[in-house]
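Got some structures for you, see below.
Heads up, the next two complexes both have subunit A, just with different partners, subunit B and then subunit C.
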Partner chain A sequence: MDTYETLQQSYKEILFSFLQKKNEQSLYDAQQFSKKVLEEKVSPEEIVSIHLEVIQELYPDIPPETQESFEFLLEVMIGYGMAYREHQILRNRQKELENEIDVAANMQHTLLPSEIPDVEELDIGVITVPASKMSGDYYHVIKDANGLIGVAIADIIGKGIPAALCMSMIKYAMDSMPNSILQPGELLESLNRTIEQNIASHMFVTMMYGSYDPKSHIFYYGGAGHEPGFYYSEQQDRFEELYAKGLALGISKEAKYREFSREMSEGDFVVLLSDGVTECRTEERFIEREEITALIRKYKHLSTQKIVDNVYRDLERWQEFQLRDDFTLIIVRRKFKENK
Partner chain B sequence: MKLDLRTEDMKAANAKKLYVAGEIDAYTAPQLKEALSQLTSRDQGITVVDLEGVDYIDSTGLGIFVGALKDTHSHEGQFKIVSLNSRVKRLFSITGLDEVMDIDEKEGANQ
Partner chain C sequence: MSNHSCIEIANEWGIVSARQAGRELSKEIGFGSVDQARITTAISELARNIYLYTEIGKIDLEEISDNHKNGKVRGIKVVASDKGPGIENLRDVMVDGFTTSGGLGAGLPGVKRLMDEFDIESIPGEGTTITTIKWLR
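Showing the complex of A and B:
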């Protein structure tokens, strides 16, 4: 760090050169000096004081009024100096907060599955993108001891830190469920009781839960206030809404959840999504659900991971890369037999 | 962005109606929460919310209504939402809130 004397000396040289030559170079030097004193946290009133001392040294005969006017300016600048120091403190504090949020966001990331279980009969693609650092979307995919595959997608209302804290509760509640996968209705009822007891009054969670039995190829599912998904039938080449009406989790202790089922043929797939997908909007309008199925159809010859990646990429471009809400899209497809 | 909020007394005793206009999202939700809590915290109070001027609600906004419903129940009051457009109504329906809340999409509205 430079001493006051060195700063004074270099200011003197720059000012002297400017007054003598009035050239671009001295102006450039002045800008560099300004950067340097900012880095060294020199206050505005110190600069005025340096200026006065240098002027006195270079021009000992300047009128006393001019000298005094600089002393006056120095008094005025003291207020700016205080504001500047306060700004520095706030900037540091903001950096600390941002670091803490980064740590929390990383922790939250570990709550999501690090990899999708490898399932012989299914092709599973997932994409989840938070709108800001912390996400309110949660998903999980597990394979239980009997070979059943469970898939959950959930949206915690609200964003940021409260949603992230709530997500950890859902994750632990789901992890503490019995080892063999529960049926969707039963699972949602159990989760609802836990969430209802532990959530702020203005929060709730929506979820769609499904489990696939590779022996019978039946997909059982239930919903708790979640955005409806889609079911694609390969044979009919048609999308249908996959809707399972039920009250969102955390609102009423007594809520009951119905269970639905579909037998999946080869090539059929289930699309689960968060409302960040359907709430996409361009500058003028909201994206319609039909436009999402049209996008999925466009890429359906690809692997499910490629489908979800491409759909996200297209929607992101449509709304000029400004996600308004957390975005999660999952596709679960029953594979074709090898010989087909 | 700000919400336009206006409260009026209704004919029935202890009944108040809150007119809301604007977009209800994470930024405007605190405003709505404050206005609603003054109404729903009245013992045996009747609160009617008119959403005719609202064409967008996000999930944070829905949460405010869930909180208001719970608050009303704990004060033995009544809570009703009226004049919702079809997009807003769809959200209440998907989340199942239309089954636990008194919702009338038409009342006083030009749908």
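Showing the complex of A and C:
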């Protein structure tokens, strides 16, 4: 017996029992039956046809008008059948697309540093979470031959796949940068030229780049239109804005980038963030920058990785687990001597 | 060929005649009521395209048979042809969701699914021929 006949048989039994007893049990069976036929991908017009055949079998002398009315209904249901079949095909196609995006998202993940280099003088914590599968945030932490530590955070304007494609270019541009230019001003200028040549005119990238010299404890930094970060001074127990004026990358070939510097005392730390952090919002309002520093302060006794994880967790909960933009938060702290 | 008919499609009446001829032939061949309705719908869609997008065209209906491993199988062959403007972007047209009318699952991809075999030949400026077959199981 093929599936069609089996289905017809069980439809007949359920319908017959319903017509005899008119009870809820048969209606429950009907519900289960409809799940079954959906699994078997039976389309609506076939159900009408089954119904008609069963009725003819059970009640051979129903008026011909009633019988013919089911033929008419069957005709009307053909359109639903076509829509149903298209729906199945589109559903499969959506699954394929999602799989493709998952693969791409995994590939994108490999563009980010697999681990933070171990640096004696610094404690570095990083968290990055994409709003959807693909991210437009990029970060990078390296230690060069001279012992300088470079930290970059970048936000590609736009989200999703276009941003992700652009990110791979930035990654390769940074990797092919000669080791000798870890100085922020020079690095941003060089990167800007590469990006300007390689991306569409409507796209651009904001970046904050810092490099720390463990010998002098000086943190040099420069910015390209990026969200300001924070500088925390342990001695004064105070947060300051870490602002570096500069044109976003990819806008003008000639852009120049100023370099700023801060001498870091023990316990001082630098906070770099993407606008997904500052543009967090609750139901009714945006979260203020002071609230972010207050959160960081709350966890400041912890390791920097624990700080960024906790801040993310709190902000995620405040906005009811709906990230509107890619979220990246980096903290770089000069360690205290005693726990070196 | 004994079971062969040709319906000219120049207006909406032609669509109805083509449907009618298709339903009768498929019934004669032995298709069940669901398949009769599907074949008729496919013919209807093809005829409607001729009516909408060309001046004139025709639908040919024919009973066919083929030797299968389980013996002879019968089927219906529907050929819709016209000397209209042709279809430029065949690939797009055969993708679900393309139809201008936004018809859910209808249009040419829908016809393809209603039938067993589907072939389209179209030369821009010269015309379109769509051949489609449904086999009786």
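Everything that follows uses one rule, which is that the second predicted complex is superposed on the first by the 334 of 340 C-alpha atoms of A that agree within 3 Å, B and C clash if a C-alpha of one lies under 4 Å from a C-alpha of the other, contacts with A are read in each partner's own complex, and residues count from 1 in each chain.
As a convention for this text, a contact is a pair of C-beta atoms (placed from the backbone, for glycine too) under 8 Å apart; a residue touches a chain by one contact, two chains touch by 3 or more.
Quick caveat: nothing in here was measured; it's all calculated off a predicted structure.
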| item | value |
| --- | --- |
| First, second, both or neither for A:G225, with subunit B first and subunit C second | first |
| Which superposed partner A:L97 touches (first subunit B, second subunit C, both, neither) | neither |
| Touching partner for A:S49 - first (subunit B), second (subunit C), both, neither | second |
| Greater residue coverage of subunit A in the superposed arrangement, subunit B or subunit C | B |
| Subunit B versus subunit C as contact partner of A:F204, first or second or both or neither | first |
| Touching partner for A:I89 - first (subunit B), second (subunit C), both, neither | second |
| Contacts of A:E71 with subunit B and subunit C, given as first, second, both or neither | second |
| Touched partner set for A:L247, first subunit B, second subunit C, both or neither | first |
| Subunit A residues touching subunit B - in the complex, by the definition given at the top | 136, 155, 157-159, 200-204, 206, 224-228, 245-248, 251-252, 255, 275, 279, 286, 325 |
| Partner subunit C, residues of subunit A touching it in the complex | 45-46, 49, 52, 71, 74-75, 78-79, 81-87, 89-90 |
| Subunit A contact footprint on subunit C (complex, rising order) | 32-34, 37-38, 40-41, 96-97, 104-106, 109-110, 113-114 |
| Interfacial residue positions of subunit B with respect to subunit A in the complex | 26, 33, 58-60, 62-64, 66-67, 70-71, 87, 94-97, 99-100 |
